[in-house]
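The structure's right below; bear with me while I get my questions together.
In order of appearance the chains are A, B, C and D, and numbering begins at 1 in each one.
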Amino acid sequence: MSRAAIRIGPEDFDPAAELAALGSAGAVASFTGHVRAEPGLVALALEHYPAMTAREIARHAEEAQARWPLLALRIVHRVGRLEPGARIVFVGTASRHRRAAFEACEFLIDYLKIRAPFWKLEERGDGNRWVEAKESDDAAAQRWGR
Amino acid sequence: MSRAAIRIGPEDFDPAAELAALGSAGAVASFTGHVRAEPGLVALALEHYPAMTAREIARHAEEAQARWPLLALRIVHRVGRLEPGARIVFVGTASRHRRAAFEACEFLIDYLKIRAPFWKLEERGDGNRWVEAKESDDAAAQRWGR
Amino acid sequence: MGRAVNVLYFAWVRQKTGTSGETVEADAATVRALAEHLRARGGGYAEAFADLARLRAAVNQEHVPFDAAIAADDEIAFFPPVTGG
Amino acid sequence: MGRAVNVLYFAWVRQKTGTSGETVEADAATVRALAEHLRARGGGYAEAFADLARLRAAVNQEHVPFDAAIAADDEIAFFPPVTGG
């Protein structure tokens, strides 16, 4: 079993430190997500179901380790109020082979961005609005045969 | 046209600085490659055809920008003598959408790892040996419809 | 006699019920029955549970259909479809 | 009169010819004819160009087949199949 590190919380993170912690064994793929700037968007407030995110993310990390020959993986996801441009998520994977690193990284970020128990409240100049689930996300999730 | 930065040379690079230069507009995918440790491998000496790598990499960067809606891309590739564990290549892409960032990143690293005019000399305890081209790489390159 | 379960609410469901969680004693054998019990309280609860098609549920941190059975001490969560991070 | 072209060698081709590049005057209209001209020099050149199936060529930084035409002042490179970075 490879090394896996998972952190969910309001704290910001340092992508450089995350990358460095993935080692230098061959192929390191990473994804860093930021809150997108959109007209009128003041901030995004992320709420989650902590016991469920912890459990589900750990399970998806295990699944990634079972499906791909990973040497390390790191997941960081922020919650709370985040302004446009703020880092929100990091997924990093290390493998001896680049395809495995990329696929595992995409699998994990697809899960986090689509199925993980997070809810987003958009804070706008004219009020707040809960973001609704998108149809298009289902297609992305189905890519992984779940 | 999005911002593209390309550097080919013997100098090491800082993945953190590369990541930071990709901005914070949404989705940042990256790949960092290291020289893999293998039994008996002392170092890898990378030789390239500078005028051709410059031209081909620039052309592939333009193709990536034409195929995917990128906001920025950065390519760094080292040449010269590199020991196991050393960073050898970085590809980073930024887009508003994660799928575009991932696909462009994989497209570029596949090109660099398979078709770019680099040659590798393995320095081993028992002598030096030029690495031969691999069949399996062709399948990966064909993924991109070239 | 009812059974005591731990109920959690997220996102706009939490906003409508006015609480993030509570212990509920209810004679409910399924998630749906529990939701109907909560709706019958009226007020914000009636609003939160007005249309179950807009809600999702989990029992002990696993997504379940509304027909899922519940037992004493279960942790039952109601929330809108997740939007991901 | 021959035409002067700039010839580059990479990897083990460079090791066998003993030089990374040179200007060559040769009455060669194609890459193949140039390769045969170089092979005829004997020594390391004969070794480098012994089996053209093991070599690849580029004219002015573009991959070409050995039948490609060459013109004066072209940059012609000979190398093993690329192995990538």
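Everything below uses one rule, namely that a contact is a pair of C-beta atoms (placed from the backbone, for glycine too) under 8 Å apart; a residue touches a chain by one contact, two chains touch by 3 or more.
Note that the structure is predicted; figures quoted are calculated from it, not measured.
S.K.: Could you find the chain whose CA centre sits the greatest distance from that of chain A?
M.R.: D
S.K.: Can you compute the centre-to-centre distance for chain C and chain D, using the mean CA position of each chain? Integer Å is fine.
M.R.: One centre to the other, that is 76 Å.
S.K.: Taking each chain's centre as the mean of its CA atoms, how far is chain B from chain C in angstrom?
M.R.: 50
S.K.: Based only on mean CA positions, could you tell me how far chain A sits from chain B in angstrom?
M.R.: Chain centroid spacing, chain A to chain B, equals 24 Å.
S.K.: Rounded to a whole Å, what is the gap between the Cα centroids of chain A and chain C?
M.R.: 27
S.K.: Can you list the residues of chain D that touch 2 or more other chains?
M.R.: If we look for residues of chain D contacting two or more partner chains, we find none.
S.K.: By the touch rule stated above, which residues of chain A touch at least two different other chains?
M.R.: 33, 113 - these are the residues of chain A that touch more than one other chain.
S.K.: Among all the chains shown, which pairs meet the touch rule set out at the top?
M.R.: Chains touch in the following pairs: A-B, A-C, B-D.
S.K.: Which residues of chain D touch chain B in the complex?
M.R.: 8, 10-12, 14, 58, 61, 75, 77, 79-85
S.K.: In their complex, what parts of chain B are in touch with chain D?
M.R.: 33, 46-49, 51-52, 55-56, 77, 88-89, 112-121, 130-134, 137
S.K.: Touching residues of chain B toward chain A in the complex: what are they?
M.R.: 14-16, 19-20, 24-34, 36-37, 85-87, 96, 98-99, 101-102, 105-106, 109, 113, 140
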